[in-house]
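Going by the order they are written in, the chains are A, B, C and D; count residues from 1 in each one.
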Amino acid sequence: MSGNTFGHLFTVTNFGESHGPAIGCVIDGCPPGMELSEADIQGDLDRRRPGTSRHVTQRNEPDAVQILSGVYQGKTTGTPIALLIQNTDQRSKDYGNILETFRPGHADYTYFQKYGIRDPRGGGRSSARLTAPMVAAGAVAKKWLKEKFGTEFRGCMTQIGELPIAFESWDHVPHNPFFAPVADVQALEDYMDALRKAGDSCGARIRVSASNVPVGLGEPLFDKMDSDIAYAMMGINAVKGVEIGAGFGSVIQRGTTHGDSLTPNGFASNNAGGVLGGITTGQDLEVSIAIKPTSSIITPRDSIDVQGNATEVITKGRHDPCVGIRATPIAEAMLALVVMDHVLRHRAQCGDVVPALTPIAASI
Amino acid sequence: MSGNTFGHLFTVTNFGESHGPAIGCVIDGCPPGMELSEADIQGDLDRRRPGTSRHVTQRNEPDAVQILSGVYQGKTTGTPIALLIQNTDQRSKDYGNILETFRPGHADYTYFQKYGIRDPRGGGRSSARLTAPMVAAGAVAKKWLKEKFGTEFRGCMTQIGELPIAFESWDHVPHNPFFAPVADVQALEDYMDALRKAGDSCGARIRVSASNVPVGLGEPLFDKMDSDIAYAMMGINAVKGVEIGAGFGSVIQRGTTHGDSLTPNGFASNNAGGVLGGITTGQDLEVSIAIKPTSSIITPRDSIDVQGNATEVITKGRHDPCVGIRATPIAEAMLALVVMDHVLRHRAQCGDVVPALTPIAASI
Amino acid sequence: MSGNTFGHLFTVTNFGESHGPAIGCVIDGCPPGMELSEADIQGDLDRRRPGTSRHVTQRNEPDAVQILSGVYQGKTTGTPIALLIQNTDQRSKDYGNILETFRPGHADYTYFQKYGIRDPRGGGRSSARLTAPMVAAGAVAKKWLKEKFGTEFRGCMTQIGELPIAFESWDHVPHNPFFAPVADVQALEDYMDALRKAGDSCGARIRVSASNVPVGLGEPLFDKMDSDIAYAMMGINAVKGVEIGAGFGSVIQRGTTHGDSLTPNGFASNNAGGVLGGITTGQDLEVSIAIKPTSSIITPRDSIDVQGNATEVITKGRHDPCVGIRATPIAEAMLALVVMDHVLRHRAQCGDVVPALTPIAASI
Amino acid sequence: MSGNTFGHLFTVTNFGESHGPAIGCVIDGCPPGMELSEADIQGDLDRRRPGTSRHVTQRNEPDAVQILSGVYQGKTTGTPIALLIQNTDQRSKDYGNILETFRPGHADYTYFQKYGIRDPRGGGRSSARLTAPMVAAGAVAKKWLKEKFGTEFRGCMTQIGELPIAFESWDHVPHNPFFAPVADVQALEDYMDALRKAGDSCGARIRVSASNVPVGLGEPLFDKMDSDIAYAMMGINAVKGVEIGAGFGSVIQRGTTHGDSLTPNGFASNNAGGVLGGITTGQDLEVSIAIKPTSSIITPRDSIDVQGNATEVITKGRHDPCVGIRATPIAEAMLALVVMDHVLRHRAQCGDVVPALTPIAASI
């Protein structure tokens, strides 16, 4: 209830602070009998971890995951899977003055108001570092969904600051530090270099999608598939907007255009983004998110101190100038966790899961 | 778990179908001792109900609410408040052919795939009619929050189809059928008349906001205030996108611009939309949602029947050509339910609630 | 969270007060496709309803149930099933003086302390009348479990006051007002007549059991099958003790006796009561509960009034002199709801349910 | 939902296996600002840990607890408190043959049926070792409740096997290995020595109580204080029965006796065990539990192997001959967790908590 457990049937309870001894999570509800080792999880953690290019924070964290429970002789047993990631490169002195002031755009002020106390070291609990355990948990969900239904999760950056990034191919995504679906990222490199030199930060837009999603997932009224996706995405640090399918573009569509026609061979389009009435159609889930510019910048900002007096704040320490750059694997993981949860929920009430099918008629 | 209960501590369990005998909800967790009668609820139901202008469905439903429990001698007792709304103007024959075919853009197909059975009368459970009990429950939350903290919820239409609607004043909103914040709605009337004549439907964009929101509400990791708002909004029928504060506009903002400066007299701007790190700042909550065009239109569409054969579908019956028109009171209610839930959650862990304050310093 | 929803995946949200206009519940999570009508539910309600013998309250309530939603053309659709029971024989004046005083052994005092307000009419929310919706919901669970697995629920009275009731046969249970498993209930009739004449009340012990329970139900650590049974039973009005299998008798058993031997043809005994490590063995679930004497009696009792002054309280109105007499169908219903919930939980994580089997070897 | 998280608002997510690398838990919902260090927790762990007398398992585990998160500069921050306890004295070879057979009275069979896989090392997840993290979490709850309301939790053994243990004084409890409230435990020592020599095990009865419990805690219908206590107690390994107050003794009480009279100075008796209508009265909570004899004994037992063939099972390894001996601190911890959770739940809906008061009139 205090907002540190994600999911309903496939739950992930997250703990830790950016500069504490360790972070981690407990996964509960994982079906028994799946082969699982640290290696299955480490890959996605490596995609997310800091220090991998000059465009992200230079904090050096191996983010090596350890499985503490729930696996016996290489297989999940159905009991909780505890994952532990040690923090190794904390430099809390970087943050010395933050305790007395509030950084504009940052959670400092709200944590202080909520709890009357806060752990200021690296943002404490509000740090994006806490997405690492979610990426780890997401890797477990991805593996199970892949094996069961062939479901796959992919993401890419579609805009950075003012620069839209045209989609060329998923193949390019792993080959540049931006998760950009383009062959040539020189413009992006230049953009980021200029930004960093200016002591400023920028936003980004990320697309994330899932294919081979079983049909019929999602609950009709409140825990709609798209509701739960919106909840998951908006919960990622710095996200300020979420779209499903045509998203805000649907405002100017007509009903004759927006509604995806059905044919004996499947849907003719995907304005729905894979969800109708909150329930998956079996088409690809298509999600787009807006990420705000990082609030921790070295340019001085007007603010107040804890006594309410006017002051100026400069944020030192090591920060991502565009948190969107590392957001892609996070968004994939959160989408996987939502789908996984809904598979289990669907099984509970309906007892079986119908894989996505083309042509549609085959499932009828 | 089957997605018919909204909220965690102030819960609303919704039941009913569009064309069944009645719809309603059970509110659990309402604090005791608040004065409450049907009249406190009916006002918002009247704002949402159908048949009030030529631009919405002509179904004639009084939507009169009855309190079945939880109130004694005009005050809430702390026990469940059951609300009942009779359905009076069902015309199920209007929907005769729907059971054999799937309407493009509609939940027909996904319900059929999920459950293997569906109630086709008026969309059954997927009908936007089921937002009525939420509006009723929202009225209870609004009343309590107003009395406790002076919190107020307002909404308006900011775009219909291709027509943006410039904000003039909240005062205009109650005086036109569009919830438009403008004095002159002739252009909107003309737009809708042409659309209806064309047998088509259109989308809309709605803004909803809350003022005098206590500071410190929301949980830090998953049940962030903005996550829960996104979840609530995306769960409203036909919503395809949600923004908080600067929303997708934050993608092209710089950190030096986006982060709202703090001053001894309060925040200097509100790009955050009232939420930092998932927790309320005490500023106005600012939310914007995209609503897709109605899928039930009389223009013929390509589709399939339940055997998977190609067919053409025309949706008769009485439908809103722009479901966004009646969405404003619904979005307000959902926002009120989210805030209410978080007030109770905050009280549980932190024991008190800090009202929104200006200047900020006063609460420190 | 305010304690009016029972279950996790097959949930029952209960509402109403003893003397309000109506009581009822919303069942969520019922699998789709089951045939269901009011007649399937009314039978158990009739077994529980008041006024059927001189040994129970003379309040005359038909307890006729109405299905408001969730059923289309005689089948469950997977959406919420709302059940409504009108109150018809309230006589609130019987309770006139209760508002100013606290009845010993009754919830008057604690409700007043908790909420600062209470509905005193017939005990309001604390009335055992609120078990009626649970019996109705239990009938839905019983039907599904019977059809799926042949699971059956039975209960009987095993002691009333000082009189132990030896078990003769389940066949006798429906043929006397006590749910006693004996042919001759004259001693029980005489006992109750004398008690009523004395203006006093007595306790009872009830046994409830389930046969053909699938093996493997229940969660290992906290939501054990026996934990959830204990929770459900202790929640029934007036219950003060719960035993599973050998229960308190196991204190004086040795390990060599208590542990039920396994043989190729099944377990050799059932000290476990059908649960090992919190998970069902496939044997009969065996539960025993202690019910305290009714607190509403006409003999004067020492108490205080709402100002804290000493006073004497006599409870008029119509009350059961032994609430245990009508407890059997209630306990059956609660057990059915627990089993039903765990079937769905098991399906979620493990994907299938293994029916109870004899010989055991067949399932291995 | 998979039963590894305890509580609703003060939640404890438990993980680990008896012979894995570590066990632990994540506490969520702890109010901020309480001083907390490992030393506050270690005391109760030491009371529960094995190897402290010849009457319990000789496994040597220091059970040293480490706080991984949620505490900054010695105070709770309101974020999750992760607690880790390393396993140090596993001897998995002791359990070599268990994987092929099922021990009578043990969870082997049911885990195998549920999951199709189990971790047999020391009982894996079904081991009573997993109560250690609950004792740790309970210590956190105890500390907070003590500081806020002066609430205290105490327990003692009231029967071991056939030997009832008369209550002399709470003062004796810490001075013998049985948690017996008597000065002279020679009879208990002799009893246990004989039992161990016989290669057998025995049951026990434990009393646990709480004083200075706030009045008004507990929810009226399902999450009654006594329901939740029954749930918590029945979830402790080997518990087969739970009583509140007069418990099964209330069956033979009359209403004129059972109902506790109220006087201007408080209740005249406590048959209720501190709960009326599911809500605390402010009197002491009084709970009694039955613990079955340990199923792991060295006397051969009839059983079957995983192929369903008849076999004989002897359980080697290190086991408690009476698990009841170490159950007292566990039962105290679970009771503390239930009370803690209900304090937070009460605060959510009612906004304040009324401490227990004598005379009662003072709170009215």
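The rule we apply is simple: a contact is a pair of C-beta atoms (placed from the backbone, for glycine too) under 8 Å apart; a residue touches a chain by one contact, two chains touch by 3 or more.
Given the structure is predicted, the values throughout are model-derived calculations rather than measurements.
**Student:** Once you count every C-beta pair in contact for both, which comes out on top, B-C or A-C?
**Tutor:** Between the two chain pairs, B-C has more contacting C-beta pairs.
**Student:** Taking each chain's centre as the mean of its CA atoms, which one is most distant from chain D?
**Tutor:** Max centre-to-centre separation from chain D belongs to B.
**Student:** Rounded to the nearest whole Å, what is the centre-to-centre distance of chain B and chain C, using the mean of the C-alpha atoms as each centre?
**Tutor:** About 38 Å separates the centre of chain B from that of chain C.
**Student:** Rounded to the nearest whole Å, what is the centre-to-centre distance of chain A and chain B, using the mean of the C-alpha atoms as each centre?
**Tutor:** Whole-Å distance between the two chain centres: 26.
**Student:** On a C-alpha centroid basis, what's the spacing between chain A and chain C, in Å?
**Tutor:** Here the centre of chain C sits 45 Å away from the centre of chain A.
**Student:** What parts of chain A, by residue number, touch at least two of the other chains?
**Tutor:** Chain A, residues with two or more chain partners: 1-2, 4-5, 8-9, 14, 29, 32, 78-79, 114-116, 125, 220, 345, 348-350.
**Student:** Sort out for me which residues of chain A touch chain B in the complex.
**Tutor:** For this pair, the touching residues of chain A are 1-6, 8-9, 14, 102-107, 109-111, 113-116, 125-126, 130, 159, 161-162, 200-205, 215-224, 226-235, 239-264, 268, 271-273, 275-282, 290-295, 297, 299, 301-304, 306-310, 345-346, 348-350, 354, 359-364.
**Student:** Quick one: which bits of chain D touch chain B in the complex? Just the residue numbers, please.
**Tutor:** Checking each residue of chain D against chain B gives 1, 9, 29-32, 78-79, 220, 344-345, 347-351.
**Student:** Which positions of chain A touch chain D when the two form their complex?
**Tutor:** The contact residues of chain A facing chain D are 1-2, 4-5, 8-9, 11, 13-17, 20-24, 26, 28-29, 32-33, 66, 68-70, 72, 75, 77-82, 114-119, 121, 124-125.
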